Amino acid sequence: MHVILEQIINGLTIGSFYALIALGYSMVYGVLKLINFAHGDFFTLGSYLGYTVLVFGAALLTAHFGLWGALMAALIFAGVSLAIVGLIVERVAYRPVYPAGRLPAVVSALGASIFLQNAIMVVWGPRFQAYPAALIPNVHIQLGNIHLTLLQIVILLLSFVLMGTLYYIVQKTTFGAAIRATAHDRKTASLMGININKVILFVFTLGPALGAVTGIMVGMYYRQISFTMGWNYGLKAFTASVLGGIGNIPGAMLGGLILGVLEMLGAAYISAAWKDVFVFIILILVLIFRPTGILGEKTAEKV
Amino acid sequence: MPERRTHAAGETVLETKGLTKIFGGLIAVNSLDLKVHKGEILSLIGPNGAGKTTVFNVVSGIYRPEFGEVFFRGERITGKKPHQIVSHGIARTFQNIRLFPDMTCRENVMAGRHCRSTSGLFSSIFRTPGQRTEEDMIKGTAEKRLRQVNLWKSRDDLAKNIAYGSQRMLEIARALASDPKLLVLDEPSSGLNPRETRDLMAFLQDIIREEDVTILLIEHDMNMVMGISDWVVVMDGGRKIAEEGIPDDIYADQRVIEAYLGKDDEDSTAYDVPAEH
Amino acid sequence: MERTPLNGIGRLASSRQLHIALATAVFLIYPFLVSDYFIDIAFYFGIYTLLGLSLNIVLGEVGLFDLGHAGFYAIGAYTTAILNTKFGIPILVLLPLSALAAALFAYVVCSPIIHLQGDYLLIVTLGMGEIVRLALINNPFDLTGGPNGVFGIDFPSLGPWLVIDSSLEYYFLIWLIVGLTILGLTRLQDSRIGRAWNYIREDETAANANGIDSRSYKLLAFVLGAALAGVAGNVYASKLMCVSPESFSFWESCLMFCIVLIGGMGSIPGVIIGAAFISLFPEIFRPFAMYRMLIFGSAMMLMMMFRPGGVWPRKRGAVKYESLLEGTGRSDA
Amino acid sequence: MKKFVLLVSVLFLVLGLGSAHAAKDTVVIGLQGPITGAWAYEGQMAKQSCEIAADLINKKGGILGGKKVVLKVEDDAGEPKSGALAAQKLVAQKDVVAVVSTYGSSVCEPASNIYEKFKKVNIGYGVTAVRLTQRDFSYFFRTCGRDDSQGKFFADFVPKKFNAKRIAIMHDNTAFGKGLAEDTRTALEPMVANGQAEIVYFDAITPGERDFRVSLTNLRETKPEVWYFTGYYAEAALLVSQARDIGITCPFVGGNAAINDEFVKIAGLSVAKGCYMTNEPLPGDLPYPEAKEFLEAYKAKFGDIPSSPWPIYAADALNIIAYAVDKSGTTDSAKLAAYLRDEVEGAPGITGPIGFTGQGDREGVPFYLYVVDDQGKIVVSK
């Protein structure tokens, strides 16, 4: 019993990474109906920027603000930088292409992804980079037979706070209503006086910023980052957002967490090697029987 | 005004019995009985959301009815797929024109011939004589129909590039290309100017006169309804509110006037929903 | 100015024939002028062209978002690899068998998912491609050799009379297949099947309402596309003499997707250009070492900025049709 | 279409002419390796090592009575298709006498097929799959060991050292990792048969992943007494730190790709210290004078010594080619291959005396057990 609980907590940790990245996919998709393939690389870039701050600025920052202050600085720096990068990519890669339809935007997005990934390789080199060890004291917590670390708890807390905040913004505020309205029907939303550009601005800053923060958490959790890691996480997170119902923000969170837990349980009780196969089969089955994902709403075409 | 054709003259082409279509909790079409006779033009009228388009969508197989049956020339076609229903001989157009925008007018009309041709993968790749003959026949029919609607000169233009009125006619030409026994037109005059509407009416009357075809129509333009219908059926709230009658009688019917003008507190918004699906 | 349609046809046809003749001549002479390395590059260009053509059926003609096409490619390659190394079946016999295996796989896998729309189909095909790749790595029934792959694959031969084992012969083999495929696909484009595919892409509901059984036609596109990808897999496996899962990653599917979109949806010359871009660009920019993929990514963005419809989109209505009913060639009704 | 074809043809021709032929007073040796891609780091170190080796030879007056050794590098990006193209490019250049090729067995396979067909001697430096030398090839050699020699070393040495009976073997599903894991299992079979050992865990993790807690929890439940991981350092570092987090305390032994300075950096000293690995002798531990000379030159030029053993094998591959050309006095491929196979015995190398078996395998590749010490240095375990 303790093993399965432990596996579920592990699954929730990795699931919260997927969920935070999936939010970026889902928000952009909701508003622009565009799969932002570069989003996984936003996550990587955020991770590397945080790494740079923590490695090169840590001494200075720690002296003034303490360890947690340095960490906050890294999170804020990476988040803000990626918000800017997100806007630039939107301007350069998507806005000029978007009027021509969704498919050219897919190629452009893949191009942006290759570009970002290789830019990271050129700047930081092809090697794995090691995150500074013990940013957060390496405290082991044992509850009965369940092994946890302090870091794991901090990460889970931070993820849930971020998701909760976003959930609040989207579901309870006027601006959130504008986002949901745009996702539901862009044309009508703009007729109702919603500033679509503002909404696009919002999703292209907040999504990458969330990705960047996730990147730093991944770096701290695994202490190792590489320039290609965004591809793998991006694929999983995108899968998660479709599982939850793409374009649906609570769906992306739910999808991420479910995917994380499924993956861990698949690995634990089926086979580590076949776990991704297991995850994809579940995904396909969900889509066959519920083609719009778990929380996605059915939108029928007017005939 | 042309002389009326009578019921007795023709056999029943289309018949629905107790047709019911429900969306969620909303009854869009409520046990509708409808008969369309050979060689006539029957118009289905009613306020927005009365369920007219839903009837069309059930008849053409896009929706599956919850209850009731659809018979076409004596054969039960309830629940068949749209593509099967076309080959039975029912062709339709759409309320908001649905052409193949990035294909030429000629290719659009050739689509109508699809159900009347049979060439498969191998005969297409190897260009067998049979396939070539068939292609020529498809192209011939397309040409004939294009000429009928005066669009032969636009044959190589993309459908999205021709005028709106021409697009309406092109869609009708496409439907006619399958040599249907029943032509189902969903608001064919909407968006047309009075002259185009007159041309359309004349065209439909020509078709009815010259070919073995029956027309079922949804129409809002009362001039057109009065001008060409043999029979009119009025729907409201998914039901038939007046038995089919000749246009002049329907025009005078109190229930029809109420349905169109509204009786103050009828929740007319509820009707709008089904057609959206 | 008076435009006579017959003249138009004549001009177009002759310039088209001229182009084809020229292209054929260049392709025939080219390998005799260069070293094996350049012949091999042209060979892989051929492989990508075939893959592009195969995905073009699904994505370009029917408009179905298939991001798992490398899965079919893998099925073809592994069918060849396994049957050849385990049972010694000749490669040329396996050519149709690989196509068949990939087609069968596509039929079985796509049947339950074919009703999905747009991006949902995309993610399901993506998942399918990944499942294939992961299965190959995990070595089911000890068939696929796991991450090592299968090695020791033969070259194509027909007894002692026809032996294909040099770069030159592989070059001709792949381009012969590409040529035949182009011929077949051009004919399909101008047939009721090709048109039916296009109708579905343009408006599926309207296509159904015009008597097109969209489900069967979509399946047919997948099956045919998979079969061609299977052929590409067969040639690739015998050329490399070994196959391993890393050759069939999600990235390969992305490249095929780009080939179709860079060239222009549903356009056969477009596919050739897209394949040229994808296979030649990284080779040409090899001297730029680690910057070459930066350039590659930027080029993809720029292309879509300036040619969002593709470099060579399919032009409809370019050929002016004459009347079949009047026989005079007069075009005005 | 026409313009396009012309453009492409012109580009090809320009590129073809670009590869100008070298002068007659040089001996050109090729190097095929992953200069870009996921293994770029290894490829670039191999390039540097070969440059140093060539420099050293040239400084001593070259070979064949004064001819200089020139290195010709082709990138294979660490993938099979590009590997085949790189090989094709090298065999097309007639002045390339022999090739040092390459890192990664699945890249080497198609490339060595091409070298074999065009009769060009090729010597692998980071290719340990057993099957590569079981193909009866005449032109393929390798300076590194094979997976099974390492597996055998593990079976002979490790269980005894830790007095361990319950053995867990974990691999990463890559060609290399899985191969080594399976060879180790095979090598342990006799001990399993007579009850001296028990393999309690044998499974894969997925490379590129970051979370292995599930697999590790399963591993923990099997209560192993020693744990052998045959994959790469990137995953190894994560595995060990996560294993310690969830309470796995048994000794960790990595294969020869698992532990290096990066491993120590990522895992952190507290976790890394006391981790073992089976390995070919590291550059710094090589007792030979050639090694000392090479490493000094390398350090002088690049500031540090190579952090993995493979680049050294690349340098040795170049050395043995130069040696064979010089001693046999021929650049003819067939004669060169025969000479390497039959005549070369105890030739001087950075990694010790070099000789080849009839199949092309290196004769006598030694293995050591290494351990990370308290300062994070990787030292030979006593």
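By letter and in written order, the chains are A, B, C and D; residue numbering begins at 1 in each of them.
Definition applied: a contact is a pair of C-beta atoms (placed from the backbone, for glycine too) under 8 Å apart; a residue touches a chain by one contact, two chains touch by 3 or more.
Everything quoted here is computed from the prediction, not taken from an experiment.
Of all chains, B has its CA centroid at the greatest distance from the CA centroid of chain A. Simply put, of C-D and B-C, more C-beta pairs touch at B-C.
Closest to the protein's overall CA centre, chain by chain, comes C. Computed centre separation for the pair chain C/chain D is 37 angstrom, with centres defined by C-alpha atoms. Chain B and chain D have CA centres that are 73 Å apart. Spacing of chain B relative to chain C, judged by their CA centroids, is 40 angstrom. If you average the Cα atoms of chain A and of chain B, the two centres end up 49 Å apart. Of all residues in chain C, those touching 2 or more other chains are 137-138, 205, 290, 293, listed in ascending order. Chain B has residues 62, 94 in contact with two or more other chains.
Chain A has residues 126, 273, 276, 303 in contact with two or more other chains. Residue ranges of chain A in contact with chain C, taken from their complex: 29, 35, 92-93, 96-97, 100-101, 103-108, 110-119, 121-122, 126, 235, 238-239, 242, 246, 273-274, 276-277, 280-281, 283-284, 287-288, 291-292, 301, 303.
Those residues of chain D that touch chain C in the complex are listed here as 1-2, 4-6, 8-9, 11-13, 15-16, 35-36, 40, 75, 79-81, 84-85, 88-89, 91-92, 105-106, 109-110, 113, 117, 129, 131, 135, 173-175, 178-179, 204.
Taken together, the chain D residues at the contact with chain A in this complex read 38, 40-41, 173, 203-206, 208-211, 213-215, 217-218, 221, 234, 237-238, 241, 245-247, 262, 265-270.
By the touch rule above, chain C contacts chain A in their complex via residues 112-113, 115-117, 119-120, 122-124, 126-128, 130-131, 134-135, 137-138, 205, 250, 254, 257-258, 261-262, 265, 290-291, 293-294, 296-301, 303-305, 308-309. Residues of chain B touching chain C in their complex: 60-62, 81-84, 86-87, 91-92, 94, 98-104, 106-107, 110-117, 119-121, 124-127, 131, 134-136, 138-140, 143-144, 146-147, 150, 152-153, 155-158, 174-175, 178.
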